Each structure stands twice: as C-alpha cells, then as structure tokens.
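Each of the next two complexes has subunit A plus one other chain: subunit B in the first, subunit C in the second.
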Partner chain A sequence: MKPELKRRLKSKEAVLFLIFVVIFVFMSILSPTRFLSLYNLQSMAYQLPEFGILALSMMIVIITGGINLSVTYTATLAMIIGGFAMSHMFAGGSSAGLSVLVGIILMLAGSLACGAFNGYVIAYIGVTPMLATLGAMTFFEGISLQVTRGGAISGFPIEFIKIGNTAVLGIPVPMIIFLFVLATVYLFLERSRMGATLYMIGSNPKVTRYSGINVRKNLFITYLIASLLAGIAGILMASRYNSAKESYGSSYLLQAVSAAVLGGTSIAGGEGKVIGTVIAVLIIQVISSGLNIIGLNRYLTNVVMGLILIVVLTINFLTREKQFRNN
Partner chain B sequence: MKKKVLAVLLVLMLCISMTWANGSSDKGSDELTIVVMPKLVGIPYFNASEVGAMQAGKDLGVNVIYTGPTTADAAEQVRMLEDLISKGVDAICVAPNDAAALTPVLMKAKSAGIAVLDWDTPADPNVVDLSIHQIDDKQYGEHIWDLLVEGMGDTGDYAIITGGLSAANLNSWIDAGLDYAKKTYPGLNLVTERIPSDEKQQVAYQKTLDLIKAYPNLKGVVGISTPAPLGAAQAVEEKGLSDVITVVGTSLPTDSGPYLADGSLKVGTLWDPSKLGYLTVVMAADFLKGNKPVDGQMVENVGKISVWPDGRTVIMGPPADFTKENYKTFNF
Partner chain C sequence: MKTKLLKIKELPIILILIVISIIISVANPAFMTLENFLDILKSNLVLAIMSMGMLMVMLTGGIDVSVSSVITAVAVITGYSLMHWSSNLLFTILVAVLSGTVMGLFNGLLIAKLKIPPIVATLGTMSVILGLVLYITNGTWMTGIPEKFIDFGRKKLITFPTGDGKALGIPIQFLFLLVAVLATWFILRKTVIGRGIYAIGGNRDSAERMGFKPDRIIIFVYAFEGFLIGLAAVAHTSIMRQVDPNAFLGFEMQVIAAVVLGGASVLGGYGSILGTLIGVSLFCVINNGLILMHIPTFWQKIVVGLIIIGSISIDMTQKKRTERNKTRVDVE
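What follows is the complex of A and B.
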C-alpha cells in the first residue's frame, strides 16, 4: 500500500467515517423496514441541512480559536427580521415573488449585521469570543422578543415554504443548498489563502500578526462569514417551520459545538477539517433519528450521544499520544 | 487500541438498544400505536401526564409511545415527529411548543394517513382531527376569580402574577377572569398590569415582595402558572401577612402542600395532568376505531367530558380545588 493512502486510512476522518458506517449498518439491522426506508432517508435529508450548516458555521469560528454562542440566535434574529418584512409585504398586497426575494435578502443582511456586531466586538475591541458572543446571544434574543412579543411570525407566502419542503429529483432542496454551502466552505477554508490564514490565527495569533497578516480584519471577516451561514440555516428553518420565532433551534447550539469537536476540530483552534464536521453531523443525525425510530427514551439518546463523543475524543487523544511516542 | 475502543462502543450500543428498544418490533402487528408528545419531558407536570397516558395504553391494549424533546424547542419536536412518521404510527397527539411551526409536519403526518390530535395546548385547528383541552378557558378564569373573592371579599386591591406575557393559555384565563370581574365584582381594584414571573417561583416571590412594598393596601394576589402562586405565598408567609393577603392560583397540590398547610396559599386549582394524558389516549384510540366523542360522554377513570358543537374540541371537565384539608389526597 502506498504510504499516502495508508496515512489517510489512519486519519481521524477515516476512523470517524468507519464509526458512521458501523452505526448506520447497526440501525439498519435493528430496523430494516423503517430506518432503512426511502421515506426515512429522505426525511433525514430534510432534517440534516439546517443543523449541518450551523455546525459548519461554528467550526469556522472554532478554527480561529473562538466560539460563537450566539449562532442560533443569529439565525432566528435574521429569520425574524426577514420574516417580519416578508409577511407584512405579502399581506400588504405585494407579489409573492417580490416578498420572498426581499425577505431572503433581509434575512441574509440581518445575519451579516449580527456577524459585524460580533466581529467588531471580538476583533477590534478585543473581547474574548466566549464572553462577547454570550452577551450577543442575550442581545439578539432581546431584539427578537421585542419584535415578536414572544409569539411567532407567520403568514409567509407558499413559495417561501416550498424552499424547505420540496424535493428535486427526490433530493430535498435544503440538502442541495447544504451541498452547495459545504463545497463553498471547503474551497474557502482548505483551498484558499484566507482559509490558511484562519488556521494560522487559530494556532498562534501573535506569530500570525508578526508575520505581517492583519489578524483583526481576518477575524472580522470570519464572524461575518459564520453569521452568513447561520442566516442561511435561519432561512431553511423559517421555511421548514412555516414561521419565525426566537427560540427555534436553540437546542442546536451545543449540538453544533459537539459536531465540530466530534469531527476533529480542536477546541483550542488551528485544526479541523470540513469533511470531519460533515461526518460528525451525519453521525448525530443517524443516531438521533435511528434511536427515535427504534423507540429509545430521549434521555438515553443523550446518553448515547455523550458516550460516542467521549469515546471518539479518547481515540483522538490516544492516537496523538502514540504518534508523539513513535516520533 | 482503536479496534478495542470501537468494539466497546459497539457492544455498549447493542446492549443499550436491546435493553430499551421496547417499541422496536419491526414486524407489523395489529396493535394500534399512539404517540403522545409533550412540550418537553422531565418536568413534574408532563411526568404526571405520562403516567396517565401509559395507564390508558395498558387499560385499552394499545401501544403508547410517550416521548418528547428534553428542552421546549419546537424545532426538536418537528424533527422527532418526522422520525415518528418514518416509524409508521397510527396516531400522533402533540402539545406544541409553537403551533405555527408544527403545521407543516402535522400536514405530512396527515398525508401519511396518521390521525393528528393536540392536547394541553392547541395546534393549528386546520390540521388536527381532535383537540383535547384540559379545561374551558372562560370557565376556569371565572372560577379563579370566584376563589379570590371567597378569600378577600368583593372589594379591595389585588394583583396578578403570570408565568409569561406571551403564553396564550395563561392570557386567555386572565382575560376571562378580568372580564368577569368587571361585570360581577366591580369593587375589585387591579393595582397594576399582570406581572410576568418567567415560570419561576423565585421570580414570583421577588415580585410579590415588591408588590407588598408598593401597595400597602394589597388584599389579594392571583398566581397564574404553577410556580407563581407558590412564590407569592412564600413572600406573604415571610412578611407574616397570611391573614391579610389572600393568595390563590393554579398550582399542583403536592408542590403547594406546605403553603396550603401554613395558610399562606388559600386555595390552588388545577386539572389532574395524569387524567389529561389518560383522556388523550382514550380519545385517540376511539378516533382510530371510528368513534367520535359525544357531549356528555362518560369516560372511565376521567369522568364526564363535554364536546363543543364543532365536534372535535373536547373539554376534560371542571378543575379540582386543593385546600388545606384535601391536598394530601392528590398524588400529582
């Protein structure tokens, strides 16, 4: 075997993929007619994208050594701003196409504004990302509540609902959007100059700065991009749930961190691969849906997820130790 | 090393799934499967309704799956419902965290031939086959104000502490009560707008202390949402004003036991959540067998139910009052 191939087979991602295959086969054996049905595979393909995009958003930020605790509230604030305009325009007699277009543009713009806020506070003022985004989380939630008064915004045109609820050639539209986002993030992070810079910032910001790279600008742009992704996830959620509310997807926050870490992203920054995060998202989706279909109690689903996270992190740690010793 | 760890992981998963995979029978059976989904699992109220739902499953010989998200997130409910549609169940009874968010997935369930019911909190009325309400909102609101007047008399200052300003069901009880008070008890004086307490006893306690300070003539406090009356009673007891200020509200009898016993809480009123779970399963099973609910129908272990003229809104019945004398006889 060529050494290159051998190295790849031993990589974190390969182990992770193996775990995914094992879990998938295992679920399929336990429930061949239900888990392994076309209907369920399609249903999972509808569920996965919103979470997958949030996980990628989280991963980009973690790679630079930060974290974004306001990611889900960025998504919901964006969907509330856009959704508010969209439902009002539509109710006011504007055509469905125009309302949807304005709504989507405002959702993306809203998420960029959230990103600019986080980016400015973190990169230019210099607040620790965890504290800055913790504050931002409450701040965004407050603005959302001010707009919605605790209720949900609904009354979207049917054209908007269709984004999250239709399939082209059997592939759900959200999945197509996810694949597109995935490819873009991969090209950006692992095949572009700026992507390489982000890894550098994550491993050592000081050295990066002394090598003549504008760390502040790069960090600012990172939070913009990550929030834009959150905005896209927000569009998918608003469309799939036919409404916009500040609490939608609040359970995704810690799951997104877990997915990034499970996928091999170092929480200290500077390390992580897009493909790893994607496999981790697949694992979490398959466990969540599979155990739900099998009928496992929801607490135990959390237990199983936690166990897998710990086991994978242990494997990663032990292999790294071994490599150190061998060298 | 890797292989060993993987093997351990596999064995663990196998054990866990085999042990708890109760509903995993992939073979088709004639038994009806009814899903009852609360807003979230793991709080006393929904634990109590689980007991009722499971008991009804046993009594009627139907398979009941009681499952829900661990946080009150509508997105999580949607994902779980989608999985359950894949699983192929006969009826879904859901207490939505947000009615609008669940409409698409409930429509999916309907087109998959699954009966859709809501319970505890209404879903979009256009997609449900039956709607199980614990109580008639108007009647309940009026009942709470009657209890208040029983304690403080029909004149004087009072205040309302509610769980949250956006909770639709809490607001409808308060609105009904205020309307009723305007007509029936004109001597009552509401000192300030309804005060939110974030569904937390601690907050209700703090707000009540503030109220006592701000309105020295306060004679009554109405607590809406289960922790609110407890917090209010706690504050009144601490200030030694149990004989001056009447606290009434919606609380569970076991939680409110200490406050009822020391007299700081005059009376709590609520429905029995386990009966609500029981009734929900009975109604779902009846519906699947083609029986529609009838007004005045006697449901075993629940009592007489009423049905609105639309034929699909079922009301469980009047609330139960908990007092110093009787609270020990309830088990929820």
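What follows is the complex of A and C.
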C-alpha cells in the first residue's frame, strides 16, 4: 500500500496538480479581491467547459497517434449548420422548443458528418492525420463561410441561449455537461475494451492489426467520437455567444493540443490520462483568467502560455533523464 | 527514354498541375499571359523560399508550425533595422538572416537536446515569438522604410518589352528564391549533412549506427530553415514596402500544405526539391485561377481544402497499389 501511495504522489498527474495549486495560490495572492471573487470563479466555470471538451476531443485522437487540426472548425461548422436551421425555423414561426431540438440534433449530426469525413480519409484511404485534418480544416472553414457569408448567424430562441448561460443550484449548466462528458470519456478510454484498443493502436498500429483487431474501424469510430465532442463544445459556444460564426474558438486549437501534451499525453500516441488533460485545462484556464484580471497585455499572456509549455516539457525531459540514469 | 520519363515520381502532380492550368486558361485566357505568371511569381516568392526550409525539416520527420511567427519577427526586426540603423542592403540581409537563424537554432535545440516533439516545441515558440512581436508592435503596421531599400525592391532582373509600352520584368527578389533553392539543393545533394537528413528521416536509429549525429543534423536543419526565413523576410519587406505584424497569420498551414502537395512525407525521409517547387506552383496556380475564374472567395477555401485532401488521397492509393504489387512479386 505504501509504495503504491508513494508512486502515485510522484506521478506526472500529482506534479501537475501541484503546479495547478501553486498557480492558483499565486494568482489569488496577486489579486485576492478579484481573482477569488465569486464573479471570476463563475465566469471561469462558464468558459472552461467548451475548452475542456475540445481538449478531451483532441486527446482521444492524439492517443491513437493522430491529431485533429480541424477540431475547432468542426465545432463551428456544426454550430453554423444547426444554428442556420434553428434561426430560420424560429423566424418562420416554429415553436421555440421544436427549433432548439432540431438545431441541436443538426449540430450533433453535422459534427458527426465532419468526423465521418476525417475518419474515412484517415482510416480507410490512409492519409496521415495531420494532413487530412489540415485539408479538412480549410474545407470546413470554406463551407462555414459559404453558409454565413463571413458574418455571424444569430436570432436563436432564448431557450437555446439558456443552455450556456444558466446555473442549476449554483453550478453552471455547461459545467454539468462538461462533468458528464468527462466521466463518459474516462469510462470509455480507461475502463472499456475499445478504449484499451485505442491505446494499442497509438503505440503500435501494425502489431495491433496483426493481433486481429480492426484498426480501420476503430480509428473511424475514434474520429466520430472526437468530432461529436467538438459538436457538443460547438453547442456550448453558440449558446454562450448567442450566435454562430466560423472563427469562434479558433484559438482553442493550439490550446487544446497544449492541454493534452501538458497533461502528459504523448504526441506519438499510446499514452495519456484523462485526469492529466483535465488538470492541464484547469491550469491554462486559471492562467488566462488570472493574467487577464491582473491586466497583463493579452499578447504577453500568449508568451506566458508558450513558455509554460516549453518549461513543463523541459522538466519532463529532465526527470526522465534522471530516472534513466538512476536505473 | 519513354519509360524513364514515366518513372519520374513527380509525374502525377505535374499532370495535375497541367490539367488545372488548362482548365483555368480555358475559363480565362488572361491566365496564360506573361504578366500573370510574373504576378504569380512575385506574390508567391516568399512561400516558395519558406517551403525549401520546411521541406528540409519535414525530411528529418519534423514539422515547424512557428514559421509564420518567425518571419513576422524577422520582418519587424528588419524593418526596425532599416529605419533606425542602416539602409545598407548587405547589412539588412545580414540582420535578417542572423535573427532568423537564431530563432531556428532555438527550435532546433529544443527539439534535438530536450527531445520535445517538433510540433509541440514549435507550437510553444510560435506562441512566445508571436506574442512578443505583437506586444512590442502592438499589432500596428510599420511604415517609413527608406527610399533606398524601396528602390532596390522595384528593380527588375530581366525586362521584357510589351506592346503598350509597359515593361514587364522578373522581380529582383527572384534572386533570393534562386539562392534558397540552390543552397537547399547543394546541402541535400552534395553534402554529408544532406545524406544524414534523408537517413535520419528514414530511420533515426540506423542513421545513428551508421555514424550520423542526429542531434547536430536536426539543429542544423532548423537553423538553416531560420536562415531561409531571414531571406524570405527581406524579400517580403522589399515587395510590400512596409511591415504588417498580422500579414502571416495562418501562413504556416500554407507552407506545410504546399510542401505536402509536392509529395513530401510528414513521416520524414521522403520528398524532393522539384516536387516541392511543383507543389508550391500548384498551390499558387489554384489560388490565382480561382480569382481569375471569378469564383467567390468563400468557395476558394472549399476548393483548396478538397484539392489538398484529394491529391494526397490519390497519392496514397497509388502507393498502396504499388506496395501490393511488390508483395505479389515477392511471393511468386
């Protein structure tokens, strides 16, 4: 029992959690009245879910050895397709409830279609994920622009806007959705047979195939699931911003990759824990909100983000070296 | 002779380029004019120069998403140097090339010495460098480049007389592209480092056993890429005559897409200069053609995205077919 506890305390996730606590305390000391204010904590709780879900989506794909550069444009294309139908139906006299229902279903269906496109090109044609999703990113952006003509879609029923802007028992609805997604992704990746298969594919696709596993099908489903998550993030964003536009959340792309990697997911695939990604998401959110409150120039916030990514990876490298030498 | 021609591995993409060119020139005869070609050349020089560096990085199995922020930083430094230090051309090139190389060196050290995966390391430097540049310049344009430098940028290498009295010419910045291509060709084809680049991209461990030093080669590759970005920044500044810190947002994707269209593998070890140049041309011709064919800008992204995915898919299916044929030969 004791060595087990010791090992856990020394794990990557424990170190990461410690970093999170240190940063949280640091921010609280820097600006105790504003950082620890109920307002700020709540606004973080509204912002975090969409980013967190995108990071989890990215993580699932990275575990299989891929990457999804089209993740934010999947989210926005989905919200634009659904949002377009929703606002037109609502304006055309349909009831709010029906429009919202159709809108949400179309958003989820749209994201699944994006996932099927990526999954087919990657799993069945065999194009490297980075390139396939690079092309898909431009492609999805183009379709979105075609629908919106460069503007934003608005005129959603108030019921839809409530999803991203209300709280139940003091907990924001997006946060509840995020916790639900988090639990599902955890059960899927770390407690299910298919999850274990994804890790196998990520560490060695060839051996996985020779051990009788249908790699193509599993990869295809991976992109479907990851895109569905992007679609959920899209719903939250559209609802919170009260509109749909192709450029929403585009800064989340690199942050999602950063969160996954900071959280200990190996970019080469086969390694990564849900809890690590979640702690990394918390760290990034606290830093960006905290620096914003202190009034640091937003460009310098990017500098800090980049530096943290580099520093954490350097620490990872040094600890690995040390372990290697000790062994 | 005939079979030799068919064996050129760039053949499929050359054919795609020809077919697309024919389609565009049927739709708009203005495409097949010298004026348009010179226009394409001038507006895509920077992309072509940077694709040479990216090719080398991708040959080692790496990738660099920080290129757009590095060229922005170098352009800003170059602009500042021109306005405050000296408008001497050689000095300007030296400043640009040095600052580019230093930033590339930094990437190389992170990747080779700290073993940070290239995409992650360059993501980090991208956000650091771009953040600093935007903070310092506040995102505003730098104008007031000295006349002397602007005059240099207007020079033509060779001029062609035209009927209506206008003189068309190859822009002086073409020299930068020429230097970039020749230097890349020389390194890849004529030096041990070049052999090493292909070797570690193919199989890092065997390359190491053969006596190559992967760390040094990787540091060199990123530094050289920075050097080329320095050249590209000078060419860009002399063409645009001002520095816009937001001019290169998302440009890294264009560079990567062009190199990949040219047949380079993101897994490393595979790719050629000729292929890359054709890939860049294809990318430019498509963009130019969509404008000439009066296709609304919203459609352009859809078409470009589909062409990227389409041409790589065709390439993949062909590779699979040849591999299947190979195995059959082995069995028989």
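Assume the second predicted complex is superposed on the first by the 326 of 327 C-alpha atoms of A that agree within 3 Å, B and C clash if a C-alpha of one lies under 4 Å from a C-alpha of the other, contacts with A are read in each partner's own complex, and residues count from 1 in each chain.
Everything that follows uses one rule, which is that contacts are C-beta pairs under 8 Å (C-beta built on N, C-alpha and C of every residue); 3 or more make two chains touch, one makes a residue touch a chain.
This one's a predicted model, so the numbers in the text were calculated from it and none came from an experiment.
Trainee: Regarding the shared-chain residue A:Met237, is it in contact with subunit B (first), subunit C (second), both, or neither?
Mentor: Once the two structures are laid over each other on A, A:Met237 reaches subunit B alone.
Trainee: On the A-aligned overlay, A:Asn297 touches which partner chain: subunit B = first, subunit C = second, or both, or neither?
Mentor: So A:Asn297 meets both subunit B and subunit C here.
Trainee: After superposition on the shared chain, which partner residues are touched by A:Phe84: those of subunit B (first), subunit C (second), both, or neither?
Mentor: A:Phe84 contacts neither subunit B nor subunit C.
Trainee: I'd like to know which partner A:Thr128 touches here: subunit B for first, subunit C for second, both or neither.
Mentor: second
Trainee: After superposition on the shared chain, which partner residues are touched by A:Phe24: those of subunit B (first), subunit C (second), both, or neither?
Mentor: In the superposed model, A:Phe24 contacts neither subunit B nor subunit C.
Trainee: One more residue to check, A:Met305. First (subunit B), second (subunit C), both or neither?
Mentor: Second partner only.
Trainee: Determine, under the contact definition given at the top, whether A:Tyr186 touches first (subunit B), second (subunit C), both, or neither.
Mentor: neither
Trainee: Which partner chains sit in contact with A:Met137 here, subunit B, subunit C, both or neither? Use first/second/both/neither.
Mentor: In the superposition, A:Met137 contacts subunit C only.
Trainee: If you tally the residues of subunit A touched by each partner, is the higher count for subunit B or for subunit C?
Mentor: More residues of subunit A are touched by B.
Trainee: Between subunit B (first) and subunit C (second), which, if any, makes contact with A:Tyr199: first, second, both or neither?
Mentor: neither
Trainee: So which positions on subunit A get touched by both subunit B and subunit C?
Mentor: Residues 149-150, 297, 299-300, 302-304, 307, 314, which sit in both footprints.
Trainee: Quick check: in the complex, which residue numbers of subunit A touch subunit C?
Mentor: So the residues of subunit A touching subunit C come out as 67, 121, 125-128, 130-132, 134-143, 145-146, 149-150, 254, 257-258, 261, 267-268, 297, 299-307, 309-310, 313-314, 317.
Trainee: Under the definition above, what is the set of subunit B residues touching subunit A in their complex?
Mentor: Subunit B residues touching subunit A: 1-2, 5-6, 8-10, 12-14, 16-17, 20-24, 26, 41-42, 65, 67-76, 78-80, 82-88, 97-104, 164-166.
Trainee: Residue numbers of subunit A touching subunit B in their complex, please.
Mentor: Checking each residue of subunit A against subunit B gives 15, 18-19, 22-23, 26, 30-35, 37, 39-40, 43, 46-47, 50, 149-152, 154, 161, 165, 237, 240-243, 245, 247-252, 288-289, 291-300, 302-304, 307-308, 311, 314-315, 318-319, 322.
Trainee: Help me check something: in the complex, which residues belonging to subunit C touch subunit A?
Mentor: 63, 110, 114-117, 119-121, 123-132, 134-135, 139, 253, 256-257, 260, 265-267, 297-306, 308-309, 312-313, 316-317, 320
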